[in-house]
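Labels A, B and C are assigned to the chains in the order they are written; within every chain, residues are numbered from 1.
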């Protein structure tokens, strides 16, 4: 019997049945296609594609930029969460609502907007080119775009944890002689750490496969500024199913590892909350 | 909520300043750019470019896709959250992980797996060609891919809401003689309406804005298999910037509308959540 | 409606909530299921309601097997511990709910429903809250509305799960008496769960004392208090003094004596008198509670009427003699 306890509420079998049916049709069967297709590819073919210079360059760009962007967002995301959770200033409510803007905005719109901004003739791009920095059509552009995309994940994960911290705990530490920095280091930071890890892995997972918001600003030169998802599309257009599948498989495996990491981090975070 | 922080005002305002600067740069500027570029050539041109036949066709396809994907995902969301939030069963965690899958994989891969399924060289490719059914490079594939990418939205909103509310009221309704459907309709539904609303709005925004997955399966056939995001890409690549941003502004409005609804829901739901806690305390 | 429960067993995972519980309830009785947390009393109540299913055992309503009956066919009114009022409906709609969801062919007309709801509001003395929402009312008011809602469907049995658990002491006392009077007027067979022995003793016709999934004793309040069937019942229903390893009729036994079963005097009265020193006096209340330490180092709790206390003019720290008048329970050592 699936149910752990016979329940008096009706509709379990109907609800679960429909859910499993839908999931099978929409998720399981299509996903398994990828794995079935992979099994028809010989390992040497797979290895050749995945270790080809162009592929490796694409992975470096996609994973590398995602990593850098997510790390940077840890700092700024934390800062923004701190400011939102603890300080009051005019317009705070609007700012708070707009944090989710990258999350709600379609990626293509984000892509063209960011490119227009950072291109040499764009508002910010022009200012940057004055100091010799090129922010579009290269990897820096990709990092900037991913910083836009990943920010809400970290802010929204950290903010509630910061808000939950009992002021009395800080007051107690203060009465025991700890200075502000000490309180931060010993009391606040350890509490927030699991949510930072969760937020990071969420942002990272989201940004490694990002397409719409980066494909305009990236430059898309094979071997230099080509992101992995674009490489998959290119292979598809060339009818190189083997190549596309191989590249996709590696990305999928990384995604699932990150999913496991996120789940673990959330479990770790919930244990911390239980303690406080 | 008054937190008396003891950082000096100087430190405080410095931190606020840095935060606002970062946000300004990364969040507000892109928003501003969308609308300023869209209106660069004036209001008349703005509406004219929106009236372009290909753009209108793209808007239509986007609307149809959302009209199909959102209700289907809504039903799924309700069914899944009912099963997950109100019952304890083996395999629940597996189910939750599966629901999270579309959110953790690249949208391009999401579209790709449907090509593997329905494409010419795909599993069903031969069968489909034999029956003259076109899925890939036709609106059908776009709709299916969109369903895939957005189906977790409603469920993820509803599950925590339904969990937080517990099953007491449903049990009470059952003891009073209500059937399962009546219980759901009269008792559960009114209680989850705000979470439901937000889930639907979010699902809709993502459905209309989906780009990566749809890009892979659509074939980019102007006037036929272009959704609004794809149309924006085409216009942009044709250096028709103003028209591209005009179309983009529609989606930007949708994003802003989504945020407004979210704030509203959080406001109303917060009040209710507090009332629920007060209920239990007495 | 009479209820007959035989040999109910219920396990949750590895935890045995009910281990062969049998019970028989007469029509019109008001029964208390009394016991500590984890004793199984709420589980038993929910099984009778149909909200849980027993692993084995029989349940008979009026002699008919109720086990396969769906919840809604059992005609049971259930009042939840935290009321479970429908927060999105007015008080009126809450009470009317059970009537409105009846299948079309037996559903009363909206006029009849209105009349019934108003009648019930009058019965619970809350005529004026019909258009309010639950969140606007106090705990005690919500409790009464939950009761009215359950009564609307004219149940044959009324089940209440810790009905007064989450209320202030004063409100609890008032509602207790109200429930007793209410039951005297309506005579619906009722079972209520409580962990408060005072409540059970005050309100119930009979008390079912439960512990660790088993029934320890079933009896009237007098029976369970004065003639407890086991040490557990003894300890649970009031304070008791233990005298270990005394000789009774040639056998070794532990003697249990309640505080009010002692006499106090300044001179020993009989062979059983015990010399003890008064450690603490609590004269506030209808009787006076005295804590003493006996010569042999055993703590004693004694209760005497105010009159006697005033008469004797007892003082903290003085030595007195306590003499047991009766034994509440005698536990022979094997």
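Note that in this section a residue touches a chain if its C-beta (ideal position, glycine included) is under 8 Å from a C-beta of that chain, and two chains touch if they have at least 3 such contacts.
If you're wondering where the values come from, they're calculated on a predicted model, not measured in any experiment.
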Contact-richer chain pair [A-B vs B-C]: A-B
Chain nearest the global centroid, as defined over all protein CA atoms shown: B
Greatest separation from chain C - chain, by CA centre: A
Separation of chain A from chain C, taking each centre as the mean of its C-alpha atoms, in whole Å: 56
Centre-of-Cα separation between chain B and chain A, whole angstrom: 16
Where chain B and chain C are represented by their mean Cα positions, the distance between them in whole Å: 53
Junction residues of chain C - those touching two or more other chains: 50-51, 71
Touching two or more other chains - residues of chain B: 171, 174, 179
Chain A residues counted as touching two or more neighbouring chains: 4-5, 8
Chain C partner contacts - residues on chain A that touch it in the complex: 4-6, 8
Residue numbers on chain C that touch chain B, as the complex places them: 49-51, 71-72, 76-78, 80, 82-89, 97-98, 101-102, 134-135, 138-139, 142, 149-150, 152-153, 166-167
Touch list for chain B against partner chain A, complex: 1, 3-7, 12, 15-16, 18-20, 22-23, 25-31, 33-34, 37, 75-76, 79-80, 82-83, 86-91, 95, 97-109, 112-117, 121-123, 147-148, 151, 167, 170-171, 174, 179-180, 183-184, 202, 205, 208-212, 215-216, 229-230, 232-233, 236, 241, 244-245, 248, 251-252, 254-256, 258-260, 262-263
Of all residues in chain B, those that touch chain C in their complex: 168-169, 171-179, 182, 186-187, 190-191, 272, 275-276, 278-282
Contacting residues of chain A [partner chain B, same complex]: 2-5, 7-12, 14-16, 18-20, 22-23, 26-31, 33-34, 36-37, 76, 79-80, 82-84, 86-87, 89, 93, 95, 97-102, 104-114, 116-117, 122-124, 144, 147-148, 151, 163, 167, 174, 180, 205-206, 208-212, 216, 228-230, 232-233, 236, 239, 241, 244-245, 248, 251-252, 255-256, 258-259, 262-263
